[in-house]
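Listed below are the structures to be examined.
Next come two complexes, and both contain chain A; in the first it sits with chain B, in the second with chain C.
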Partner chain A sequence: MLVYLGKRLVYTIPIVIGVSIVCFMLVHIAPGDPLVSVLPPDASEQLKIQMMAAYGFDRPYYEQFFKWCLRAIQGDLGTSIATGRSVTGEVLNAVRNTLLLAVVATFIGFFFGLLFGFVAGYFRNSAIDKIASILSVIGVSVPHYWLGMVLVIVFAAQLNWLPPTGAGPGGSSEWRPDWAHIRHLILPAVTMSVIPMGIVARTIRALVADILSQDFVPALRAKGLSELGIFGHVVKNAAPTALAVMGLQLGYLLGGSILIETVFSWPGTGFLLNAAIFQRDLPLLQGTILVLALFFVMLNLIVDVVQTAIDPRIQRS
Partner chain B sequence: MTFVTSFLPQDPAKTAVPIEKSPGYWSGVFQRFRKDKLAIAAGVIVLLLILMAILAPLVAPMDPYAGRTIRRLRPIGTTGFPLGTDELGRDMLSRLIYGARFSLMMGVTPVIMAFGIGSLIGIVAGYVGGATNTVMMRTIDVFYAFPSVLLAVALSGALGAGIQNALVSLTVVFIPPIARVAEAVTTQVRNRDYVEAARASGANALTIIRVHVLGNVLGPIFVYATGLISVSMILASGLSFLGLGVRPPEPEWGLMLNTLRTAIYTQPYVAALPGAMIFITSISFNVLADGLRNAMDVKV
Partner chain C sequence: MLTAPPLVDIQDLKVTFTGGPKPICAVNGVDLALERGETLAILGESGSGKSVTLRALLRLNPEKRTKVDGRIAVGGEDVLALKPRELQAFRGRTVSMIFQEPALALDPVYTLGHQIAETIVKHNGGSYADAKAKALDLFERVRIPSPERRLENYPHEMSGGMRQRAMIALALACNPKVLLADEPTTALDATVQIQILLLIRELQREFGIAVIFVTHDIGVAVEVADRVAVMYGGRIVETGPIRDIIRRPRHPYTIGLLKSRAHDAMAKGTRLDAIPGSPPDLANLPPGCSFAPRCKLGTPACTEAVPEPVAVGEGHEARCFRTDQTAAA
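Coming up: the complex of A and B.
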């Protein structure tokens, strides 16, 4: 196990370096001046050079990269060009809101995904399997930003049950566990949960059907084990994969929340990315993407390690 | 078979039976696909959408760009505007028909390009193996380490809005998964006995790749890539929805969905229409890809 853990960590290091290089290069594949949003269009050449030097854009790429990495390790992701505030602070505030949304969505999606997947895999080719399969296909093919709009139309515009946008009353962006804030969370979380629901239902259905076709199941039946007992064995065998999918989905939701956050004006990382892109605030864009991507890499690492810890067969293969 | 059977006692009734050519792989695929009604229905919808895109100037009743504020946001069923009008008074039906051109192009092109580039990378890495494989696949892993939506938004956000930049970003997003599948199947095929036999009989690498590898790996990669079109449609329209892909006044479903967001209180059904088109397209591609996978009996 320790050897595996070591190997997995060593494998992660080049990925982290590669991800950092890609994030760093984002600023440099961008056309035009990185300072275009702060400088007036008629800025003098001298002012331009001064500003470039102040932000360190006049140094060679590799030097900029190392300085950027060194500061990033110390928790400093630079200064937002548009607001002049620290990128780290802005990202951390936003990540909290996105994490809340993604975690709640993952749990909702998982509950229903597991339910549909187990039922469909267990009663294969029954009517209930067909319904569950259709729901899972819908879950993976629906454009979730459109689903969000439809839910807003139905539950906010027509029925007036839930608020259409925002994270709290009066544009509050600090989340508190009271009813007013929970009401704001329902629609975006449900919208987001559809993605993991479809994928989990699909994966679990195939997995359960596969487990049930293995030799140990008739053996357990012959031994006289109850159906519930057999179900317990199926759950035990499906758990490592289910956990792995859950971890990865959480990562995908964190990184992919921008569309849903735009629909619901949710004050998270997606909202920040949106602002960064349209104000051409490249340090903010770079920092947000780096944090989200590293989150995803770490989640992958944790998922692999946990999966191996609970199912030693994976390590051997 | 003939060699073995010639030793068996001859049955006079059977000797007269003419030799039948055994049905090939593709006819088996076709037979299986034909039985899958759902996949056929999805295929028909996809064909209709493609036809609609090609024939847009002929089928669309009005000019999709001509609007008049006096008739803005008419409901579904208005005479002359069967699907209503948008926030600038343009005919929704015509815009949805023309939208198929942009949306299908934006969704399908990246997958085709990624299929070409990703297969090339994966097949070369898988066939050559060794250090080349490690370097190529670890580089691919770096891009695979980003959630797909995030990578697409990051790249097109940095490059700036526009059709070309969105297509480039989406292609970059789909190369890693395709390359990984291509590498995995190529590595498998490379170690088969027939490849070994071809190498032993003196065939050079290009001949082996052309004759033995391509024929066996392109099928699975193709099936996997078709499965990505559904995701690509959602992502491509999503980029336009964010304002990063197709730009106004072009009729693209994602962009239309975004500009109609202001109308959800006044004309909710009209506002939801472009998204319904994306949904229909995406689900049809998804079901079609599933049908292809089952018919071709591919596990990826």
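Coming up: the complex of A and C.
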């Protein structure tokens, strides 16, 4: 197992290098002048060249890349062109908010996804199954920014129960575990939980139905296990696939929340990314994308390792 | 008569599957009695209701979609009246089962040791460690080499023959009175088949359990069984001591079965499917003898009523109107 872990870690190194190259290049390939947001529209050529040199944009790409990497390893992702603040600080703050939202949404989504999935898989073609299936199809197919807006209209504008936007009272982006902040979390988290709920429910339903149709289930019954004992076997059989799906969903939630964060003005990575793109803030954009991509790599690694640890059918070679 | 009731006593068992568009009458009045330590082989072609009969003994047919009539008693317990808890205690302890495909019947994500220990703890209580020790003992008795290591194996890490040995160890874990074996060697190589058969026979004597053995293979039946029941269309058409059935079969179906494989006498691995015609439609059974349409000796009377069992020898019965004819054959 340790050998496997070591190997798996070594394999991630080229992935990480590849990811950083792509992050770096992507931003440079994209059209637009990186300094347009800080320079006055009537700036002279002289000033432009000066600024380019100050940010290092006049150097060849490979040199910029190595410098960027070297500093990134030390935890320095440069300074934001738009705000002049440290990118690392901005990204970390945004990551904290996104993580909070993603984890709460994942919790809600997985809880109901697992519940609906297991119930539907156990009672296939019953009324409960049909209701759960309809809910999960809706969950997967409804655009979530639209759902977010509907929830805002109903619960914030009409009923006035919950705040429509922001992460805390008075637009604060520092999160604190008090009721005023939790209120802000509810609508975006519920909106965000709908997609993993639908996907997890559908996956688990199919998985449970498949496991229950296998021959070892009557064999377990034949040796006298209770239905609860058999349920334990079903769970352990479903666990590797379920974990893989849930890990991926968590990954999507961590990275793919631009729309929801924008709808709710949630100060997370998606929001930050959005701002960085519109302001052509190169260092901020590169830094945010890199951190998100590394998240994905790490999450994949964890899912793989956990899956291998709990599924004896996967060869550890 | 004051003789003790048989260990397994099945009377007029009928199993009908009601899930589909038409009810399927898979078992249509089976009577079976099995004494302590006796081995019965059930023979018959595919679809004759052998597996359904075995599953009925453990109530493994899907409860909601199955109608079961008749009486099943094992050791005096009325199986069809057991409450859920009693049924759990009954399964695996009074009656246990070996399945045809050990590769599919064992849970792939648990070690074999765990699957056996789990059963022992469930039925006998006690600690998991004691159960593990008992599992090791069982692995030795079914002669799995390096048993300590094998206990920690997952099913996919073993060969077919070893898996079936493990399955047998699992079935014997709680000292059952009756062992049901549904074609336990069909999925195995010929040489491994013989080893497994010998093992079952030996353990059956050692533990003194009664065995009901389903097979397509007369050679296998001869090897292990004291008595044979031949099934056709969900009924037992002939039953008797194995030697009598082989030497003097009296039901035309049994005669056909034996003839169809007469040239390679008693060779193993021959399937019983060489009689012309096809088996009856279980959703639409004829009113008379279900073999009549394929029978050379059939008369109009055969298609009107189901024949009752006729005694044709000591403990030897055939459900046929024309046993006078078959005696000569």
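The rule is short, and it goes like this: the second predicted complex is superposed on the first by the 313 of 317 C-alpha atoms of A that agree within 3 Å, B and C clash if a C-alpha of one lies under 4 Å from a C-alpha of the other, contacts with A are read in each partner's own complex, and residues count from 1 in each chain.
The rule we apply is simple: a residue touches a chain if its C-beta (ideal position, glycine included) is under 8 Å from a C-beta of that chain, and two chains touch if they have at least 3 such contacts.
Only a predicted model underlies this, so the values are computations on that prediction, with no experimental measurement involved.
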{"item": "Room on chain A for both chain B and chain C (clash or fit)", "value": "fit"}
{"item": "Chain B versus chain C as contact partner of A:Phe123, first or second or both or neither", "value": "neither"}
{"item": "After the two structures are overlaid on chain A, angle v-u-w for chain B, chain A, chain C in degrees (C-alpha centres, nearest 10)", "value": "70"}
{"item": "Which partner, chain B or chain C, touches more chain A residues", "value": "B"}
{"item": "First (chain B), second (chain C), both or neither touched by A:Asn274", "value": "first"}
{"item": "First (chain B), second (chain C), both or neither touched by A:Arg221", "value": "second"}
{"item": "Contacts of A:His233 with chain B and chain C, given as first, second, both or neither", "value": "second"}
{"item": "Partner chain(s) touched by A:Tyr61 [first = chain B, second = chain C, both, neither]", "value": "neither"}
{"item": "Touching partner for A:Val150 - first (chain B), second (chain C), both, neither", "value": "first"}
{"item": "Touching partner for A:Gly251 - first (chain B), second (chain C), both, neither", "value": "first"}
{"item": "Minimum C-alpha separation between chain B and chain C after superposing on chain A, in Å", "value": "11"}
{"item": "List of chain B residues in touch with chain A within their complex", "value": "138-139, 141-143, 145-150, 153-155, 157-160, 230, 233-234, 237-238, 241-244, 254, 257, 261, 264-265, 268, 271-272, 274-276, 278-279, 282-283, 285-287, 290"}
{"item": "Chain C-touching residues of chain A, taken from the complex the two chains share", "value": "214-216, 218-226, 229, 233, 236-237, 310-313"}
{"item": "Contacting residues of chain A [partner chain B, same complex]", "value": "14-15, 18-19, 21-23, 26-27, 29-31, 137-138, 140-147, 149-150, 152-153, 157-158, 251-252, 254-256, 258-259, 262-263, 273-274, 276-278, 282, 285, 289, 292-293, 296-297, 300"}
{"item": "For the chain C and chain A complex, residues of the former touching the latter", "value": "55, 58, 60, 88-93, 96-97, 99, 101, 104-111, 118-119, 122-123, 154, 156, 170-171, 173-174"}
